[in-house]
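In the two complexes that follow, chain A is the common piece, with chain B as its partner first and chain C second.
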Partner chain A sequence: MMSVIKKVALVDLLKGMSITLKTMFKPTVTVHYPFEKVPPRKRFRGIHALKLNPDGSYRCEACYLCAEMCPSNVIDMEMTEGKDGKKELVDFTVDLTRCLFCGLCVEACPRDAIVMTDIYEFSQYTVDKLILHKKDLMELGRYYQEWERKRR
Partner chain B sequence: MESFKVVIDGKECEAYPGETVLEVAERNGITIPVFCYHRELRPEGACRVCLVEVEGAPRLVTACTLKAMPDMVVKTNTERVRRARAGVIELILNNHTLECPICDKSGECELQMTGFRHGPKKSRYKEPRREKDIVIQGPLIEIDNDRCILCRRCIRMCGENMGNRVLGILNRGYRAYISPFNGDFMESGCEHCGSCVDVCPVGSLLDRAFKYKDRPWRMDKTWTTCLFCGSGCKVEIDSYHGKVKRAVGRIGINDGHNRGYLCVRGKWGWDVIYSDKRLKEPLLRVDGELRRILLEEALKVLKEKIEGRKINLFLESSLTNEELEKIAAVFGTENATSDSLGFYNFLKGFEKVKGTRETDKFSSIYDADAVVVIGDFIEEINPVVSMLLRLAVLQKGKRLLRVGVFPSKKLDSVAFSKLLVDQTEIIDTLKHVILGMIDTSYSSGNRKIDTFIKSLRGKKVSFVVAGTVFFSPEAEEIGKTVAYLSDRVVGGKVVAVPPKANSLKVVNLFRLKHPEELDGDVNVVVNGELERDFPGVELPKAEFTVLFTPFYTPDVSGADLVIPVEVWLEKNGTVDGVDGKLEVKTVLEKEFSLLEVLSQLPVRNTGAESKEAEVERVNEPGQRLLEREKGELLLTVLSNRTGWNSVSYYSKNVAGVAGERVLLLNPEDAPDSEMVKLKVGNGELLISFRKDSSIPKGHAVLRVERFTRDVSEFLRGQFPNLSGIRCQIAEA
Partner chain C sequence: MINNLLSMAFIVGLMLVAVPPITYLERKVLGHMQQRPGPMVVGFHGLLQPLADAIKLIFKEDIIPKGADKLLFMFAPSFSIFAALLAASVVPIGFIQAVPMKSALLFVMAMSAISIYALILAGYSSNDKYSFLAGMRAAAQVLGYELPMGFALMAAVILYGSFDFNEIVKWQSQHGWGILYQPIAFLLFLFVMAAEVGRPPFDLPEGESELVGGFHTEYSGMRFAAFFFGEYINIIVLSLVVSLLFLGGWSGPLADKYPVLGVLYHLGKAAFFIFLTFWLRATFPRYRFDQMLSIMWKILLPISILNLFVAAAEALLVG
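Up next, the complex of A and B:
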């Protein structure tokens, strides 16, 4: 008997609608990824970047300490003597397929040259695009500096 | 020697008279930190970091200079010692730049290591760091004085062990810094052996070819044998990702017979493999033009051409045993010639008297009391052998006696006695020595020879034959004489230092002929360069010429088929060197391999393996062959240390220090003009000369950077002689 009355009076529906009405005017929680993105936390460890000097040159001195620290052998570099007699970085590769984003390389760097950006979207269609070279890392460095300035 | 007991850190250690406390401790596994001490160098006590406490002594003593004495009680690890040590390291570090991230030594730096282990954990120094900022750049060596701790290792190495005295300390006090004379390596006569770089405990002396190229700890280290000359030095090749970065000797750690000493070729000649003259593809002559072909096609052509034909084999002797055995199987051993022909002649003479061709290992000289060195320009042909002979005197107290023609900078200063005679009289002089050894009352009439004989009597004698002897027309006769002499002294070991890395194997495996006696149909040149290895020889007329070479040599233009091969740095195998079997190893990958090419060729059915012809035994010393008419000079043609094996031509590093072509004449023989015309048989050469009073009268030395076509044509018909060539000189 009661169930019949409930059905006629639309009690269940109203109950449900009450919650809908309650939350309708609250701000939304769901993020429509990938159309919307959550900004990462301040100390988020995304993919690497080579920090740049104000004049646009890289800070890295190719001491190889980051690669030495790396637990999964991600970083490799080539170096040579530059024309001015200074140490020059020929190539700096970061193999993201192996990286576990522990951040030890950043801790090890004596020149504060390698940093981690907030970028977490780096999926690619081919594996070789996941290996970042010096050029890509310097590009990311430019992005990082922009991001750092905004954060301040 | 009687040993006695020394107590170090409560441990009873056995010590021998003359040993220092540091050596005893080292042998018993007690580490005392050192900077200025090095196993190969004279102890100096400059750095004061090896301070130890001796019971009964009022002050701390340096262990490296303190001779062990019976019942000595030494403590190396008390609080007092530790504090003193840390203090010394703190003082050294005060003015040491903190450049470890970019310093090439970091990772194998002794200061870094000792600082971490024994140093203070912090500095009390408040003043600004003293900056010397003096960087001296040579073509191959760089001195960064900011990093220098003034331990003087390089100075002792260069001055005492090498006998060059190039490096020294300039200024005094805190302005003191290391520099070659006049600040210029080339001008000061540096031979670029790289030993100073090797012993530097910090990154002050640097290998410029390696500067900023890599980090020391991450490279693959391969111990191999340098095949650039007959010394057969053990060397460490460091490579990263299949690319060679440097070669290091590691003096004091190396257990090869060279003990880590290298020469300019071994230390810097590795970049021959990256030479832009490297051959990349096989070439075949089609309609008079060389065309690139595939290796399979080249092999097919080669198989066709050599099948059933008699082959003129031209061998260069830096190939490995495995390759030589394969060559012998594929091309036959009967009709061959090699650049070791002179060495072969020497051993032939040796065999005639001794009955065996076997000579002794190089290490056997350490058993003797006296070492008689026969031959000239050892420091050019086998530089490391001359260094080791020098060190045998300095470190092991051997008596070194020289018989030769030209004075030697390296050996004469340590020689006990030297007999420098005219080149025509070498054999006669040796005969005097033989007579003197047999008859104690013999007098040669020459006081020099008599004192020479006297200093040999009753001593255990070893003979070292090296250098120009094998390139002399008298090689066979000298072989006989040395063999005869060695039978008449105590000990009597003979070490024949081969001019090329694997001359011994070539000599034992092949029956070498003079190039003019070759009578085959197909010429095969393996690894050689005609002008360099066979100066004065023309390829015999043949239907087909095959060239196995790693480089674009001048012979490529005359060849019908050219097949690229690898350089020794890319080889695995063994060689029969001066000190027994030596190993050649690599981690590099190669494109072409001589062994692989040869293994695809059919093995020649030699049928009845012709036995080595019985050598007729003679029991008398050799005869003098060299004569000189009036107005004639005896010419020695010598490829510079850097140009030997064309290293300076193919290696960019070594090219920077390559010597130039010059004729050296005694001032009395020299004409007034600026240029002279040299005449040998039909050959003529116009050349500038330099008066050099160290060249004995009646002799001339032509130093060439490498054998080029004009030198080869000038020496037409002289092969295998490069020394004792009769020549005339005329003003030009």
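Up next, the complex of A and C:
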């Protein structure tokens, strides 16, 4: 009997409508993305960077461990023998078109040379701009240092 | 004569001008009911969004699919607008009356029933199975809701003893609002109104989740926009009619002295019903096709017929 009365009086429908009406006056939860950004989390994995020493030189020793570790063959490097007999990087390329941002290269690095920044907006109009070279990566390394200092 | 022409221009203008702001308001209301702000980027709080939409739609490529029935395909969207505008032309707003007609209510019913042809023709001519299914749904739906709608309105007509909107409002200003006498007819009409204009929860011909876009799957650009113009004009017209029939139209305090006030009363009441369609859309999911038909045929139709007796009794007692 009660259920019939409820149905006739449209109780459920009115209940639902009251909820939507109440929600209408609640504050919105939208983040207006291009104008407002949610800062990435502390351990966010964005695009790569070559970490720099305090004197501005790169830390990479061209051991190829990151390239070996990479599941999708993103990293490639070229090296020669330097003046003091150490390995020296000629080029270090990261192909972002294939990268899946798993962070295994960072895990593998014995010298903490390759790191990941918090940059996630890196769309480009052409494919070749998505292949990062040593120069770009060192640029990003400077950004990373800045960011790391801020984070502390 | 001149008065009538001016009123006609006013009503057609009102219908065409009111549609873009209503689409904006709908998006805002829907957004806020889902805790998001709706359009925000174009202009202050997205106020220019309808303009941006219009520019986009005008410059879109107009595609006519291969194998479509060209003539009908091009004809269907304009049919939607014309049927809606014809219905609008006989609805008085306060003292503004374009076409004074003794049987205006009947005419509005006929025109809003005819507007379903736009959907059927669009579905038939598109040469697309989704559109076709949507057209068939529209046809079945119109059979479902026209009867309860007709009986609900007839109850009101029996009570007021006239098809003329002026007479109806006069009756209500003497005896009190129609909703007090005919709450059942009022509720029935609200239900059926949602089906009539193809709005949720009865938006089966559109059914995005099942039928891609429904009857307008193959339409683009201004032809696509024309369907929505027709739909929104229908919403406005039916909102005006509901407030005429059950909420006393333009009658109200001081409305006799200042006719402009009556217009504002009427538009305000209609605005509530327009808001109600947004509200229903935000709240209810779409009915399944068989559910919708069984609601219409098994519940609403018997209730509306029984309601006729109530109306007859009331007419004897009050009238």
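One rule holds in what follows: the second predicted complex is superposed on the first by the 124 of 152 C-alpha atoms of A that agree within 3 Å, B and C clash if a C-alpha of one lies under 4 Å from a C-alpha of the other, contacts with A are read in each partner's own complex, and residues count from 1 in each chain.
In the analysis below, a contact is a pair of C-beta atoms (placed from the backbone, for glycine too) under 8 Å apart; a residue touches a chain by one contact, two chains touch by 3 or more.
Remember, it's a predicted structure, so these values are computed and weren't measured experimentally.
A.B. asks: Figure out whether A:Tyr64 sits in contact with chain B (first) or chain C (second), or with both, or with neither.
C.D. replies: A:Tyr64 contacts chain B only, not chain C.
A.B. asks: Check the residue A:Glu88 against both partner chains and state whether it touches chain B (first), chain C (second), both, or neither.
C.D. replies: first
A.B. asks: Tell me which partner A:Lys26 touches in the superposition: chain B (first), chain C (second), both or neither.
C.D. replies: Once the two structures are laid over each other on A, A:Lys26 reaches chain C alone.
A.B. asks: Tell me which partner A:Thr80 touches in the superposition: chain B (first), chain C (second), both or neither.
C.D. replies: first
A.B. asks: Which partner does A:Pro110 contact after superposing on A: first (chain B), second (chain C), both, neither?
C.D. replies: In the superposition, A:Pro110 contacts chain B only.
A.B. asks: Is A:Leu13 in contact with chain B, with chain C, with both, or with neither (first, second, both, neither)?
C.D. replies: second
A.B. asks: List the residues on chain B that touch chain A in their complex, please.
C.D. replies: 100-102, 106, 211-215, 217-218
A.B. asks: Touching chain C in the complex: which residues of chain A?
C.D. replies: Spelled out, the residues of chain A in touch with chain C are 10, 13, 16-17, 19-21, 23-30, 32.
A.B. asks: Mind listing the chain C positions that touch chain A in their complex?
C.D. replies: The contact residues of chain C facing chain A are 29, 31-37, 40, 187, 279-280, 282-284.
A.B. asks: Mind pulling up the chain A residues that touch chain B in the complex?
C.D. replies: That would be residues 61-65, 67-68, 79-82, 87-88, 110-111 of chain A.
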